[in-house]
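In what comes next, chain A is part of two complexes: it sits with chain B in the first one and with chain C in the second one.
== the complex of A and B ==
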């Protein structure tokens, strides 16, 4: 059986990759993917704890997160498509008009 | 014997309801009623109120009537109910207020009819007049100090509204405000007095207070008595708070008659008589009341001598006569005070209304310098005003003689010095009243020709109230015919028995000689006036004093000592420094400026528009929060 420490370590690594990706990459699609990576890192940690305590709560949470993530991706990709139709670009630095 | 009844609330409510109807129509619906409907509603309600007062008086029968309407305020041990109480004292007041009030309401129909200065004023005037009657009846019939204070403030408000009735003229509005502000000073004393009463006795109801008064500390009684008297001095225009009353003459003449002569200004005297058990226990406070009254009586009479405005003369005369009443009340002669209050209400209302008739006849001319010779032109007005003049001057058998004589007697038994001041005042009173009489009705008419051609008797609706008041002024003295003058009169001291105050000890006083002295003083004053203004018209000019003519410059002294510094303090310190500077400038605008400085120059650069910059900040924030929680 895989010990909890390894599960959490993998979760942390995946989350960090997601954070770094979301902060550093300019392509909106890649940023969305990075966010998905973070969500799934959290899911992994939840499942790990669920098994440790032998409780179903964590898995219920995971299902919830997957539903929200699906919705989020749908909205996010919708925004990206709308943006591309207007600007012919998916670079996040091209959309910085909303400021002071 | 206490009888419960529901009549009393209707005495009070009828004028109040009428005022409310007028108020809703004028203020909410914004429509004016037919003239005849206004008259029917306003005059009818007051006359009905008078009839109900008479009915209640007949039911009194040696006891008191009580009408508990509802519990108004109750908090802990404090309670103030809307309960109306009619005992002999309030019954007399009630009759004076509704009786004289009815006559003046009727008179106003004619007086305000002539007024074309403002088109929609007719109904507004009657609305205020009804509201005043309502407030005055609350004051008079209240069974506790708090309810009395409600009426007290109500009459003050109506006084303000009616003095400034022709508000288009700034001077009238100023006079109204002056009356209101000066009354506030008195009301402050009255309020402190009420607080002290509750603090000491845990009740504000008159009957409970009277029962609780035994064994009260005289110093406490004096303190309470003085505080209440400050209120009385404000409302009843005594030195040093009398300055508002002469200026209150800016209002329409029926208002001067009703509010500033017959009823409201006597509220202070009524209050002192109502609290007589307190003043009986506080001889020092009573002495202050008596001496303030005497000082006011003499002081105001000397000013009246040099005035030329017909209403100003009567106003100073009112101040002076109120001084008489306070002397009587301060000497323990509460019957005498209330007696003079009643007779004064008749003859002063008569004089004011008569002056109003003269003013109407002269086309709104008030200066006696431009009158004269009116005796033959308006003989009916002349006749009724003459009754008033002889009554106030104190010639028997008119009302003023009896009531003034009783006050002089009371003063003599208390302190002959008070008596001598009042006797001098009586001579002065006769002098200035006959001066007014001669200058208005005798000699050559000094009016301009175009006015002279149109002098006419007023309408019957104006004259009939005058006849009624003249009749009352002539016979009211017999309500309290002196006992000592022999038994030929069947009802001696009727008012005294009815009111039932503890009999003031006057035994051993030379009553007949005192009465003769009073008559002699009045005759001397009248004779001097005749000498100065009929026989030797050049004489007064030699004694003309600018000091007296300008009312001893009291207004200017108050202005320099009190008003100007107060205005300066308010303007420079309270307004400019505190309100505009500290609060508006530093606090309100300062906060806004600080926020703008920080936000506009520093914080706005955070809002860069780059989504990833926000993400970094969010990450840092999350790390900080998690770090804080895991610390």
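== the complex of A and C ==
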């Protein structure tokens, strides 16, 4: 039996790595990947709690999160393609028009 | 004991490949492949946590569909050598380290207190039948609403990526 504290610690570590990637990287595609990593960390915590309470609800939530993640990636990469068509770049430094 | 060893191996693989994904500066394809390793390691951990259906879906949707979509876009845009200048790299690294500390320490402290013992599992927990019953009976309405979300995403992606004809 895996100690749930360590599962949650792994989830926290992965989430933190995702946060750091999302704020330090300049490549829009890698930022999207970091967001996927954060969603995965949350999924891991949900599965862990599902195991802890022996309830299937957490696993159903994970399936919902996976659906949302797939939709988000499809739309996000559509935006990336539209952006690249206009700016020839996926560097977020080049699209800072709306940044205060 | 075997489970615990497997868990540590998979966790190490997940963390190492996640760090690799975030730290890979040159090659976006390499970052996507690191993401696959993280996803597969997490699927293994899901199996250890008795979430078999979720593990299968994780492999199929994440490692299969989502990362392939990423790779497809990277290759479509021809981003093999990405020219991201080292501009402000040092500042962002410091900020990243600070955020990492500020986020990680409270999260880890939160779990240090210890959790209650896991409940005994009903037979078939985490399998197709068990999770599927919860999905289609208790969560039938959210499941149906999900299809609306997917429809909106499909339409949005097509509209965004469509070539302008004018």
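Quick note on the criterion: the second predicted complex is superposed on the first by the 98 of 100 C-alpha atoms of A that agree within 3 Å, B and C clash if a C-alpha of one lies under 4 Å from a C-alpha of the other, contacts with A are read in each partner's own complex, and residues count from 1 in each chain.
Here, a contact is a pair of C-beta atoms (placed from the backbone, for glycine too) under 8 Å apart; a residue touches a chain by one contact, two chains touch by 3 or more.
Because the structure is predicted, anything quoted here is derived from the model rather than measured.
Trainee: Chain A superposed: clash or fit between chain B and chain C?
Mentor: fit
Trainee: Just to be sure I read the superposition right, which of the two partners does A:81 touch: chain B = first, chain C = second, or both, or neither?
Mentor: second
Trainee: Of the partners chain B and chain C, which touch A:99 in the superposed model: first, second, both, neither?
Mentor: So A:99 only meets chain B here.
Trainee: On chain A, which partner touches more residues: chain B or chain C?
Mentor: Counted on chain A, the partner with more touching residues turns out to be C.
Trainee: First (chain B), second (chain C), both or neither: which does A:19 touch?
Mentor: So A:19 meets both chain B and chain C here.
Trainee: Now for A:53: first (chain B), second (chain C), both, or neither, which partner does it touch?
Mentor: After superposition on chain A, A:53 lies in contact with chain C alone.
Trainee: Looking at the superposed set of three chains, what is the minimum CA distance between chain B and chain C in Å?
Mentor: Shortest inter-chain C-alpha distance (chain B to chain C): 8 Å.
Trainee: Overlap of the chain B and chain C footprints on chain A, residue-wise?
Mentor: The overlap between the chain B and chain C interfaces on chain A comprises residues 19, 23-24, 93.
Trainee: Along chain B, where are the residues that touch chain A in the complex?
Mentor: 604-605, 607-612, 615-616, 619
Trainee: Which chain A residues qualify as touching chain B in the complex?
Mentor: 19, 22-24, 92-93, 95-100
Trainee: Over in the complex, which chain C residues touch chain A? Could you list them?
Mentor: 3-4, 7, 11, 14-15, 18-19, 21-22, 24, 28, 31-32, 35, 38-39, 42, 45-46, 48-51, 53-54, 57-58, 61-62, 65-66, 69-70, 73-74, 76-77, 79, 82-85, 87, 92-93, 95-97, 99-100, 103-104, 107-108, 111-112, 114-116, 118-122, 125-126, 130-131, 133-135, 138-139, 142, 146, 149-150, 152-154, 156-161, 163
Trainee: Inside the complex, what are the residues of chain A that reach chain C?
Mentor: Against chain C, the touching part of chain A is residues 1-2, 4-10, 12-21, 23-27, 29-30, 32-34, 36-37, 40, 43-44, 47-48, 50-54, 56-57, 59-60, 62-64, 66-75, 77-82, 84-85, 90-91, 93.
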